[in-house]
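Here come two complexes built around chain A, the first alongside chain B, the second alongside chain C.
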Partner chain A sequence: MAEEKRDDLITVNIDGQDLQVPPGTNMVDAVAMLGKEVPHYCYHPKLSVAGNCRMCLVELGMPGKDRATGEPMLNEDGTPKIMWMPGPAIACGTKAAPGMHIKTDSPKAIESRESVTEFLLVNHPLDCPICDQAGECKLQEFSASHGRGYSRFIEEKNVKPKRTRLGPRVTLDDERCILCSRCVRFCQEVADDDVLGFTDRGSYSTLTCFPGKELANNYSLNTVDICPVGALTSTDFRFKMRVWFLKETNSIDFESSVGCNTEVSSREGKLYRVTPRRNDEVNDTWMPDSGRELYKIVEAEDRLHAASIDGQKASATDALNAASELLKTGGVAVVGSGSSTVEEQFALKKIADRIGTKDVYLVARYGEDDGLLISKDRNPNVRGALATGLISALPAEQLGDLALKINAGEVKTVFAVREDLAAAGLTEEQLAKVQIVALGTHANSTTEKAKVVIAGLTQFEKSGTVINQQFRIQKFHKAIPGPAGAIDDLAALAAIEANLSDSEESVPSVIGTAWKRIAAEVPMLSELSFQSIPDTGTLLDGSAFDSLEFVEGKSLHFEPKLEGANAQ
Partner chain B sequence: MPIVVKRKPLNLLEKLYLPEIARGLAVTFRRMFEKKVTLEYPEQRPPIPEGYRGVPTLVRDPEGREKCVSCQLCEFVCPPKAIRITPGEIPEDDEHANVEKAPKEFDIDMLRCIYCGMCQEVCPEEAIWLQNQYSMSGYTRAEMVNDKAKLYELGGTLPDEHFKWKKKKEASRSAGDHH
Partner chain C sequence: MAVHPKENRLILKYADEPGYTPGIDSYLAHGGYDMLKKAVGMPPQDIIDEVKKSQLRGRGGAGFPCGVKWSFVDRKSGKPIYLICNCDESEPGTFKDRQIVHKDPHQLIEGIMISCFANNVAKAFIYIREEMPKGARILDQAIVEAKEKGFVGDNILGTDYSCDIVVHRGAAAYICGEETGLIESLEGKRANPRIKPPYFPAVLGLYNCPTIVNNVETLCNAVHILDMGAEAFAQIGRANNTGTRIWCVSGGVQRPGYYEVAGITVGELIHDICGGPLPGRTIKAIIPGGSSMKILKNGERYKGKNPDGAEYDWGLDDVPLDYDGIAAAGSMSGSGGMMVLDDTVSIPAALANLMAFYSHESCGQCTPCREGSLWLKKITARMVHGQARPEDVDLMKSVADQIEGRTICAFGFAVAWPVQSYLAKFEDEFREYATRLSDPNADRQAIKELACNG
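So, the complex of A and B:
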């Protein structure tokens, strides 16, 4: 916000430093712009201000005005006289006003914080050793940095319900709750599923679900993320691993074309959880619960661990050579995937060009959109296939054309990339009539019938880019290594392409260099490179595809173009 | 600078040889009747002083509750990364269900352990102790990894000053599990 050139900026003074901010900026955010931190629990930039934790108390003053004349009061040296308020004020409930002065580290502010921390800790159990939040707990951090460091409390602590099931995915420990009401506000304001509330008064206040309801909506785990303490914990992640062991990798949620930005936590090659990563243009700080479970596909039982030829385990090199030979035979159809990365789709397009086939298909996956962060198009990267020229029209859910061509005997070999042909409408007889080369991550009826199977990598085991419904290209990174017998999809496709080509030139098998080719050949992606795409993605010009009727409806930061045009 | 050791020339008595033999044997015989300073190890074992840092072990409290709650701080602090813990949940029908968390697996690789005692120092539950056991041996690498059962067998029971979890359970019982 501060970087934008605006002419209506106002000046506030924080700890003696002048700062230009847009009017109405929350003072917690304004202090953050200076690189300082006002400790806070209940304030969340994407939720309404509740102002109930009192942790962000600061000293506040405004330039004085003479009551009789309305003239500004001045000090002897001509500077405006600041009238400091007698008591501290909460920074989160204060919006920037011209000339406002705040002190975040004056003795009064520091003492206020220490006192608030002491009150918050009065009834807080000392169970950090068994608390999943330990290590990323705001109360733990601020108790160390803004607390007294010793306890004066000798009375009995309150007893509240522990290990309570709030919903299918959320477990609540009421003793740890500091009543910040972030979760309550999230359910009301973002998830639109008002199920949480407080019962009883004072120190007996208890977070609970309304009678007969449970926290079961598909966004319930966001309450766990925003809980500043360990009161709300994920039932799936509960007691699995301490957070200080986890390594975070930036990733993208592959469940729909929204492309939520995520962080994948892993330790020593094992995934433990997926959490949202803030991107104000796509998913704010939220993500759906369904996307958090996707990490389980890595260790799924039907995972392909090695390549095979005719059902016999083979080395990846042999499988790639066998696949190349099959693709040379002619009458080849290519079934690409909307869950491949842009780089893989580019390489697949090159393969289709090399074998000279026009039969390139994509399988669409449609579901219900929830208007928030799951769109109707359940493929994360259909627009990547359009941008790279792999397809020119929107895909269908069933491969009807391909089925007809197989029946007519025009297609003798099918190269299926990350798609199950049977699920896409091909019958057993049709699958038996053709030779199948399958590149995939999990066993399905296509890989069972395939002549050559190449084991690929999931989105957690490779890097790449995907283009979401806004035509925003976003990159994700490799979090863990894949199974020993699997091969990076891009490397596999590049190797096949190299086998098919007569010349020296072929698609590079490494993302960085592949992008040099992509930028040179794909007009929409020119001037881009994998390194230059920021972590929050770059918006592309998708106007070339305005004529296509994309299926996505409205979601958090997305307005469908066609509907908008019709409305006007 | 090298130190030059001067060798004295032998005097007459020493040159005679036999008197010196007698003198040496006198020392030998005198020692035979003095108190022994060596031990018949391993049949005899030396007394272990208090605070000795022997093999790390897991202990139970006097009521038989396993004290470790698998917070994994020892795993984090361990300099040679000898400790490996798989945390687990205590089922709700368990006697100690209010502790909620206990290790499912707890392995200490004694080929890696350097007996530094950081695990004992960091433990917030006083569950891991370096006790007086000092000699670990085995024929394979796998034998040198102490698993949870072995660690509790080595550790036994130690007195508890706090009974923190027991007090918590009693507090919640007296309050009727609410407020």
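So, the complex of A and C:
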């Protein structure tokens, strides 16, 4: 290729086409760089190489060297003579070396793939019509593209267990298993919970848990994601929906400040599952099981379906007006949320500025940090609140200061956004002393006592951005519409802000336009717009907050900065 | 048991002598451990050079030159180097290592210690198959005796060289004979052979350290190479096929057994030493080197050119009984387990038996071997039960071709080669099973009896 040569790259040749790659690049990945595909089952970019499925067999050759002199052997035209190996080699077990040649579409390579495909199918139950994997099954896809299309097998197929419960969330169909060992390697290498293995030998090999163990770790559903066939299935998703009906929407896992990238699958306004989306800087291709359950909050029993004033159902407009009036009364404290989006936090900051209160709080939410993809900070967006200036110090778990001010009568109205004040330490007595405006998605003791309740949207029903522990701003998109009586949080806040404003300049209620204001006013976000943030997020410069002692420990792609008191 | 005059006993020289016991006293009385004493006074590289010069080839199956194997060992990694004695003798038809372990264990220990000293190994393992419990006890006892005398353990023979030997018993899996499967098993895991690259034992072997894996008989030869010198050793047998080999003959001959020979032909082994076929029978074919190897049909001619240009035209009996001779005839000497099939043997039944074995022993890791071996078993089983279809013969060939060369380890060849060679040499028999004997009116009981060898 005519591209400029980089010293750290080497040239390999794939099907006659030269390609520059870093030395040691896996040849499956190298072929992908050319926009081609070497079909494979067992190879996974984030796991060790097992080389057992044999689907990625290609022809492999290296430039010949004269044994006696060590000189390169040349063809008549002066090009290096390629010594092709007599048998096919697995691309996944081959690392790029200078001058390496591979053929992915030679008759030998094609015959190898057809052979392996035939072998994989001889004992496969071929139960695609009732299999959840159908539609996203590698065996199904490759059988179509690399199979011969007919069967020569007339023997009885092997019989294996059809519905083994491997753990609370994973169900195994052993007959569909092609023994690629991805799940075994995932448990050993990523989840650090070595519970899966094979029993029996040969074609009777059976995937199972070690005796007395179960696949119960909080990452168990990743085995379902990486299973190339329908062997490992999610007990929750099993038999619920054909995957080709599902619409995928990019989203973010809200359960901690790691901000795993996810994909939300929905159909006709109903959510069916959450799966991880690859981001090599954040979560690779993994996510915790707990984050996948979050879609259930949408249809939870305590979901708020409409706004209310004094306990009476009200229209969103009336509720917003009532809320605005209350906020004008003075002595107002604002309790924001680390699970609001950057845009909502920005709008809330504007509201706080309009009413001139310094009493702005955030509720911290801490848990155990699992060292992998759940951090100690269980709010997805505390850094957004810092960036937008809503808060300037790390929040506390309890609203102790606010309690004192309520006791002293300094605070008479509390605007609680997505937070339960009782859970944050305010007593019944204190709650009774103040007027509450609550914006939230689910009923709790705060919404019960609130004078005005505005029903907001969950992360699945709106779009927005959050800033994770790395100061990576990541966006998520609306997958389904919210309940009819609910209103987008940003729109609600923008409306309140507009009601409080004397001038015409108020926060836009639409995310794209809101970002024009944000970029203009928030120094850390000055270069950005909602559209310009890529799907894998943008890393921000968080050095302005180096003095804060963030709580996060080490996780998959995050090493906490040892600054402040810890460093000394 | 009298030793046949055509035998050339080196390794089994004393093993069958009356009164010779596996105890260390017997071994010492016959010059035992003298070569270890000599070795520890030599520079290790000289021993490696001597083994290289002797042209000793591995006796386990592939016949790879032992000295060259040793020279591949990564000595710069800073990691310990391990030596593993592969005593997982499980190739059907092979029972030579068992003789050494049971009758002359100290010779093996001396061979291991010389090899360990030459390669700066501080820990050696003997991986012995589960089905040799007595052998494991004998080896354990022998190591205790050798330790008492200072031949194994700390400060061997008063030098500052120390090396321990550990006997590890397998759990009865054929695949543990494959060296990387053996290493996995030794590490306590399921014996799934490793992918090469990157896991070449000489670089990333046991516990990802450089590792030498040698067969029992190969290691014993180290003693004799030091004893007689590489040049004298290389005089035994033909060039590139030096030293003696212990052949295990089973099947349709008058005197099956193990015979240590050098420089003879297949015919001399079968007819002179083993007494030829049983009365009234004729030899149909031989499987020269353990059940994985390609079959050689009696009556075929093997023609070709030697490297020196001389042309040869052999019948089965004329084939030189060594690596290159059998390779020239289109098979491999393998592990030295020669099976003689006489005219009473049904070749499809023999193949069905073999496929039952291989499908049972396939580790199940990689697709072609896992699925192909069981498929072939199902076809051959159907065939010998009189339910074959005419197209099954071609199907079997095709399935075997689809396995060959596409697997992680050599087991794929071990499944494919018998099918390919039996079909190539005895296609008529298979066709007969597939057509005449699949007739619905055929006498099924008779077919079963024929398949089960009467």
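Worth pointing out:
Rule of thumb we're sticking to: the second predicted complex is superposed on the first by the 556 of 568 C-alpha atoms of A that agree within 3 Å, B and C clash if a C-alpha of one lies under 4 Å from a C-alpha of the other, contacts with A are read in each partner's own complex, and residues count from 1 in each chain.
Just so it is clear, a residue touches a chain if its C-beta (ideal position, glycine included) is under 8 Å from a C-beta of that chain, and two chains touch if they have at least 3 such contacts.
Just so it is clear, the model here is predicted, and its values are computed rather than measured.
In the model built by aligning both structures on chain A, chain B fits alongside chain C without clashing. Number of chain A residues touched is higher for C, counting chain B against chain C.
In the superposition on chain A, A:C53 makes contact with chain C only, not with chain B. With chain A as the corner point and C-alpha centres for all three chains, the angle toward chain B and chain C works out to 90 degrees, nearest 10. Using the contact criterion defined above for the overlaid structures, shared-chain residue A:Y204 touches chain B and also reaches chain C. When the two structures are aligned on the shared chain, A:I110 is found in touch with neither chain B nor chain C. In the superposition on chain A, contact is made by A:F119 with chain C only, not with chain B. After the two structures are overlaid on chain A, the closest C-alpha atoms of chain B and chain C sit 12 Å apart. On chain A, the surface touched by chain B in one complex and the surface touched by chain C in the other have residues 156, 158, 200, 204 in common.
Residues 69-73, 75-76, 87-89, 92, 97-101, 124-125, 168, 171-172, 175, 177-179 of chain B touch chain A in their complex.
By the touch criterion given at the top, residues 49-55, 57, 86-88, 90, 93-94, 112, 115-116, 118-120, 122-123, 152-156, 158, 178-179, 181, 197-198, 200-205 of chain A touch chain C in their complex. Of all residues in chain C, only 173, 190, 192, 195, 197-198, 359-368, 370-375, 378-379, 382, 389, 395, 398, 402, 405-408 touch chain A in the complex they form.
Against chain B, the residues of chain A that register as touching in their complex are 125, 128-130, 134, 156-163, 200, 204, 238-242, 244-245.
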